[in-house]
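Remarks on the structure that follows.
Every chain is named by a letter (A, B, C and D) in the order it is written, and numbering of its residues begins at 1.
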């Protein structure tokens, strides 16, 4: 969709007439809805919705939309946000020495396959500098070792603060972020874990998978929380393996799943398709 | 969902305010929407919607709903229907000698995994009589051969007319229905074809797949029209094969896909999730 | 393959010349190999092989094959077995109240889609008696409750001893077998667990999956050992779910995966395609 | 596998004792077989095999292997070839303006995820020059238009002749090669077609898929022959779509399948896993 759109994400306690009220608000201003998705969590009785509205169909801009929508939102008790397709989301990508996820994200950005901007790449190695700088992007090398871990992550935090991005993507960064940093940037940091969570949390998941003798391996993209590999899952996928698949083959095969799963998850986040609800996600894809 | 619901299916030319108007109508009668799905065909500018409404939340029955909804439907130019979850759909199953699809449908019915009724089974062989009659279902044996084809299908037509079912399921029936019968029961007859259509139309698709050396084989459930294997597709799936998979292995492996694809398609139809649009389907699943 | 074949399964410590020696033995008796599969476990340096031999190409019967093969097997230090396609494997099926896996296995047996025999069905409920007895199969009702658990499983054990089957299939039996029984029938009992193991071991895996918010659910067929849901995995598969999938939907969707995964695993076992190696399997499929 | 290996590919008319003879030859020279795969085409009675042999286990080099193997090969009537893992395969990549397949192949080469070399990139557009040249690879711009088509493809042919590569990869090149060129480089040119062949041959397959209303779209990598999109298939895969998936979404989603399918097919070819048999392939993966 190349046209100019606003995306309205909202949730509230379920009741009769929510869709009627919100769609009536939009229609009353001649708003053309190009996508509409709804979901009720039947256990918590919480209602979620996403509307994409043709910006050109409205007689006012996004600021005025925000103002005019307040009474409707207050009446329904909505938690809501609205975003503008003309203001691309910005992300920081964090990477270690493995290239596949970074290469995938750089391709998606170059080709504008996902409509986002990369503000900077942060790495604890110099390995990817040339490749990143070829793209004209800033590359920050912040080595992490046991003794300087705290000060290094202070530097990382400064970069987070400086760039003021919408999301941070851990593209196989292989370092555990400090808990406080995770909390400070809650709901903003996306990780790709190289297992089908909750199986094989933590280090060397393919070795764990090999040991257990599973017949499928997978990858999971999730929001980062203070608890390791336990945040809300955005997307997962798997690939078939068999007795002939050695650990090194799993590592190789798994990369194809990791990069595609991460790219899908990033798209959902960038396109405002994801709402977090407790430790789970609603993904309107 | 065991509760009592009405399912409203509707479509019309796209314009501003359709969702607002329909959801306002439902909300104004205190109707509790438990599922809502929308789709716009951007080429034909046609709009589709499906609402599931808690019947107990409404102050009137389905007949009164129909009456009260007419003005709203007329204003929007809706093509619409509403069904009652307390009135299970009834189907005729047609089968030849292959058992897998019939066995699957009988299981779904026995276990009420899909909430439908089987009015009768029609077959051109006696093979499945005992198994069907164990279930307490009528079994009609109507042999088909070249010379008596016309009169045989007259008998089939009489059974169609007699049982007045909602849908007819060709569960690997292996006979081509007369064009007039297809037209008379348009949008009611569901077939399972043992290929990933549009590849390998017609007879012996697994032989065709083997000859072509494909690496995946599949199955397609579609509405039957006058043109062979060319009607609107409801559901498809595939399974991996390789150079070691002989035709007889494809036949065996394919059965698992056929029966699951047919069962999914039947569920979508029985639960009023399918709208036909030209030669395509909208499936709100 | 309807023809008469012998299947030779063997494993030994890896070394140069194993395939040469075994294939030379077979060729020296004019044996026609119709399938040959090999695998080396590169960590344990253990070698596995499976040969299917056209029985009619050999000048002797299976007993004489066994005798003549002994020197070759001893020289290589083989662990081996050979089976005859004319002697179908026999199984006991154990079931609770859920029908889907039992119905699938009964279909596979009726249609001889898998070439095995069902010696008896054992259940802790009467629910499936009529359906099983329609097939002319013995149905043993052995209720299990807390107080009589030990004596009930003594009865089960007597049936195991009486029927002398090749395998026991827990087709959603929902009871944990006593450890001693598991050990006594080691490598013979096959279970279907309704999760993608090792995730969600134990009770109510779909509830666990729902709580964790996974985007795929699965099923695992494995050999039963003394440790719950921890035995060697034979086959697994998954199906996609999303935020809209309630627990009851997972239960329903999962059944399609469970029954297909169990049927595949049973086929592999019945066709002598599975070798157990530590807590893992080699599956020549 | 980082070690030094030879890969022996061979096929012949099926008979008793082929495996015995070839494995005896290898064992007699102390050859350590690390992978062995066999296949019989039961219709044509043709036998296929692939052996990977640890080069260091042999007392001679690949040339001497070739000489010593001749009598064995002649006795069996083998068509055979042997390759050396220390001599990486070289390919030419041909590309148009779409980047995804090229970016994927460049990543696989940079990371040596597939162990091959890119001799040059040929394109009918300048679009990808900078990106390719950053990698230090030659980029040949040969525009194709109706009037100069013949002379342009003469230039292409000269480059083929000059670089003397093992394979040519059409990475969404979007031009039909002249029949003579296809024949001259028979069994060497690999294409990625953006449909699940044999469905939707030729131009705009996603438009064709959209029109037909299929529920899965796919991609096919195949050898190029004189007949359009009809050569032996190496690998295929699919991805689910629904009524909401517009043509532009199919184009976007399809790219993920195209690049992964092409990368898998290239790996199979580079690792000598593919044998062509009539219009089909045997892929030992």
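The working rule: contacts are C-beta pairs under 8 Å (C-beta built on N, C-alpha and C of every residue); 3 or more make two chains touch, one makes a residue touch a chain.
None of these values were measured; they are calculated from a predicted model.
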Under the touch definition above, the chains in contact with both chain B and chain C are A, D
The chain whose C-alpha centroid lies farthest from that of chain A is chain C
Here the gap between chain A and chain C, centre to centre from mean Cα coordinates and rounded to Å, is 41
Here the gap between chain A and chain D, centre to centre from mean Cα coordinates and rounded to Å, is 35
Residue numbers in chain C touching two or more further chains are none
Note: in the complex, chain C contacts chain D through residues 16-17, 19-21, 23-24, 26-28, 30-34, 36, 38, 40, 57
Within their complex, chain A touches chain C through residues 39, 41-42, 196-200, 212-216, 218, 232-238, 242-244, 246, 277, 279-283, 285
Per the touch rule above, chain B residues touching chain C in the complex are 99-100, 103, 107, 110-111, 113, 131, 134, 252, 255-256, 260, 263
